[in-house]
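Look for subunit A in each of the two complexes below; its partner is subunit B in the first and subunit C in the second.
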Partner chain A sequence: MPGVYSIESRSLTRTFKSKGEVVEALKEVDLSVRQGELFGLLGPNGAGKTTLIKIFTTLLLPTSGYAKVAGHDVAKEVKQIRPIINMVTGGEHSGYGLLTVRENLWMFSQFYGIPGKVAKERIDSLIDRMRITHLADRKIRTLSTGERQRVNIIRAFMTGPKIVFLDEPTLGLDVETSRLIRRYVKEWLEQDGERTVLLTTHYMMEADELCDRIAIINDGEIVALGTPRELKKRIQDETAIGMEISPEIDLGWLDGTKGVMGYSAKEEGGMLSARVVMEDDSAVSDVLSGVTARGGRIISFYKDEPTLEDVFVKLTGRGLE
Partner chain B sequence: MSLKSSMWLQYQIDANWTRPLVFVVYNILRPVGAALLLVAMFYVVTGGYMGGGSLAYLYVGNAFFMLIAQTLFFVGWVVHDDREHYQVLKYLYISPMSYFKYLIGRTAMRFLLSGFALMVLIVLGYLLRIPYRIDWLLLVAVFLVGWAFIVGAGLLLSGINMLTARHGGAVGEALAGIFYLLSGAIFPLSILPQWVRGFSLALPSTYWFSLVRRAVLGAESEEVMAQFTTLQVVLYPMAISMVLLGLSYLSFLGVDHLTRKKGMLDMTTTY
Partner chain C sequence: MNIMLNLRAVRGRAYPRVIGALREPSWMLWEVVLPMLSIAAFIYFYRSLNAPKEFEGFVVLGGVMTTYWLNVLWGMASQFYWEKETGNLQLYLAAPMSKMSILAGMALGGIFGTTVRAVSIIFIGVFVFEISFVISHPFLLVAIFMVTLLAMYGMGMMFASLYLLWGREAWNMNALFQEPIYFITGQNFPVKALGPTVAMAASVIPLTLGLDAMRQLLFPEAAGWGFLDPMLELGILCVSAVIMLVMARQLLAFMERKGRETGKLTMRWQ
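Presenting the complex of A and B:
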């Protein structure tokens, strides 16, 4: 496909009507993903990542603008697109529970018209690769979330797609399964230069580790795009600090604090783990004194290397979680 | 291939929940129990008289109605099951196969499996001394026409169900109920009110049940339907079924566009 992007959108807009209100899930999204790329969409829940994936996988029509996969329009050329794509969604329990792992996979291979012998070889090989040989003849309904997701990964990759869409594929999975999936996706892409992956995630580490380029999406808009290094460079002049605070206090006051560009906070083990992005070091003392003045005890404090989440915080004023 | 695989899938879903022996016993006991209940009611109502054409009419109509009921009932739920229970509709949809063809395959297997229960009831009928006079050629027509009609109606229903929440699956049951009541399955058209009779005569299933009685009992005993020739009761439902199949395909294309427009292919309505 010389000169053609694997995945492309121009002025892509999608609205939903809900109880008389019009919600804009995607706003004029322009995206170009090259062949061979592992492209990440990083954003919090509700940012529009899944909507975008649904449009690219022909499950949803755009409201305006266009989206193309391998040069084919998702609205009009589904027959050309479907044989070369596949997708995996995280955080769900999909699959025919009454069928065994092998039966489920075999059935899907037949829906893709893969010859029986080839299908069997691919299934066996991937079952082995995903380390679920011992589960091959177990019914899907008896599997754990992580085991089911390994089956889903096999279902998507065994059909020989050129472009794979991974929508939060490691959501809610244990560390080992997540690592296995990430490693497999990376290897799969490296085996053939014509393959492409579009990955959505709200795990910044995942995006940082896997992606060649990342688009940060917030409220249906692409707010930044570049390689992880390029994105992190955007905040090289800023200061990012991390701290653990006990007891938990409300950090809303940070929004109005001079020099603070944004913050993210989450509860971890009874403490508040917070990251604050500031214009420069001069705001650090104000932040620390502000915490103690509100009854928070700073358990640990560190100045950190900028992360993708800091980029997100700087751009949107809020965290990814 | 998708047709064969979807038929296989339906067989697995129907049979895979238990051991083969239990599956066979269940599929014998279920229809037999329902049929015997009907026979018992007939026995009570007639004061113990088990002869005459009425029992044969009732028994055969009820047995063949199972093909309609079980298939339409099933079709009412298949889209919702794929979409919300198994959560695979989106994965089926983005595959190169035709989901329409897939539905035909699953409906066809459901029809075939219902045929197993029908066979059991036909055998039971011998024990109840139902006066069979089977015309094998017409019986083949019964299954061909019946399949075309049920699949046509079922696919039309599937299109509707793609646009509805889970409760929409009950439409299949309601439709089957209408056919039971108005098609002369067990209630002869002659006992229905005149204004209802006109509606009955517009239903392809009415002619199909008449075809069933001609094929299995040797003649049509119901006075309204006896006015039609055998050719008419073959051609009329066949023609309607072809129209239904065409309509269901066209509606499927429309529904396909609408579900993609509204984002309903992975909708969950678990309330």
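Presenting the complex of A and C:
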């Protein structure tokens, strides 16, 4: 399909009515994902990532604007889109607990019309690839979250899709399973230039490691788009520092501190781990003295290379966690 | 329409129910032994009154057909609501097959599983309570049984979309469709006893006419308790089955369209 984007949206807007209020989940989103790309949507919870995926997977209609998958309009051409796509959601509990892993996968393969023998071959091959051969005949309700997510990955990829939508696929998973899934997704994409993956995540490292291009989405709007390198380049003139503070203190005062562009903070092992993005080095002393003035003891302090999280902090004024 | 795709989808969705009936025998206690207690109560009640033996047969047959009705309510009507909660529904909606295939698979699998239960109840009826049936018109009997199931499961397919649109209030509908339906369809007594007006109104539920017709065919000695002629009841059931299936299809399309517009079928927070 030369000249046709695998995934495309123009002025895409989606509103929901909730308890008498209108919530604008997506605002004029323009997105173009090329064939062969692993495209990341990075944003915090509630940013609009899942809404966007639901629209591209034909589960939700746009309120205005349009969205296309493989050149087909999601509102009018679902029959052309559904056979060539599939999706996985983080924390998914699909399937039936009394069926075994193999039986559940076979059942889902039937919804895509895959002949029994072909389905069996694909299932066996992917079970092996996802390293759950020993679980193949176990009932799915006995599996752990990570094991279940490996099954979900097989479910999505066994149908031979051209475009796969992964919505937070590694959410809450152990390091080994996350790594296995990331490696598989990357290899799957490299095997065929016509394949495309749209991945939503709020794990910076995942987006940085996997994605060819990334769109940062916040409050339903795309606030930045580019390769990980291009995005990081945007803050090369800024200063990013990291520090560990004990005891935990409220960092809300940083919002009004001159030279501070944004910060993120999370509690880790009884301490506060914070990253602060500043216009330049001149604000560093104000930040450090501000922390100590509020009773915080700085356990460690380091100046860091810019990360995608710093890009996000700069663009939105807040962290992803 | 891709026929092979849809046939495979029907088979795929029926599979968990077939497996469920065979793999986990705990259902024997909940779905055969416990219901038999209420059936036994009615049988002893009729015996204490020296009622004709056929009335005991009415109760067993009522118990058999009610098993299907329970499956229609809990295994069909409520099923999409469950599927939404587990995340299966969005996978069904995003898959390429006709969504009617999913409903058909649920129905066929449900009929299989329920038939295993129903046969168990018949065996207990015959061997424990010594109920005897007379099969005088086997083809008509089979036709009425099949069309009754078609109409009942068609109704279940229709409810599946409605329950989903109603959300949690749907659970109250199941309560409404359970005990009162046992009464007005004449689960444990001939529906004719309710009088023609109530019996006619109750005929909206396919179980009523199906049960009445089968009782007349299996217990010809008590045919005088029949509400309408079995052939007429078969005709009404045929029309009813067509209406239910057409409406099920329309409601399914409406439900899917509405779900895409509002997001309420796939967004759990909605």
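Here is the rule we go by: the second predicted complex is superposed on the first by the 321 of 321 C-alpha atoms of A that agree within 3 Å, B and C clash if a C-alpha of one lies under 4 Å from a C-alpha of the other, contacts with A are read in each partner's own complex, and residues count from 1 in each chain.
Methods note: contacts are C-beta pairs under 8 Å (C-beta built on N, C-alpha and C of every residue); 3 or more make two chains touch, one makes a residue touch a chain.
Since the structure is predicted, the reported quantities are computational estimates derived from the model, not experimental observations.
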Mind checking the superposed model to see whether subunit B and subunit C fit together on subunit A or clash? clash
Looking at A:Arg148, would you say it contacts subunit B, subunit C, both, or neither? Reply first, second, both or neither. neither
Could you tell me if A:Ser18 is touching subunit B, subunit C, both of them or neither one (first, second, both, neither)? second
Which of the two partners, first being subunit B and second being subunit C, lies in contact with A:His202: first, second, both, or neither? neither
With both complexes superposed on chain A, which partner does A:Phe111 reach: first (subunit B), second (subunit C), both or neither? both
Does subunit B (first) or subunit C (second) touch A:Glu103, or do both, or does neither? both
Counting only touches as set out at the top, which of subunit B and subunit C does A:Arg182 meet: first, second, both, neither? neither
List the residues of subunit A that touch subunit B in one complex and subunit C in the other. 16, 54, 57-61, 79, 82-83, 85-87, 89, 92-96, 98-99, 103, 107-108, 110-113, 155
Interface residues, subunit A side, partner subunit C - complex: 16-18, 50-51, 54, 57-61, 79, 82-83, 85-87, 89, 92-96, 98-99, 103, 106-115, 155
Of subunit B, residues touching subunit A in the complex: 1-2, 4-5, 8-9, 12-13, 16-17, 86-88, 90-97, 102, 257, 260-261, 263, 265-266
Using the touch definition up top, name the residues of subunit A that touch subunit B in the complex. 16, 54, 57-61, 79, 82-83, 85-87, 89, 92-99, 103, 107-108, 110-113, 155, 159
Taking the touch rule as given, give the residues of subunit C at its contact with subunit A in the complex, in rising order. 2, 4-5, 8-9, 11-13, 15-16, 19-20, 23-24, 86-88, 90-97, 102, 259-263, 265-267, 270
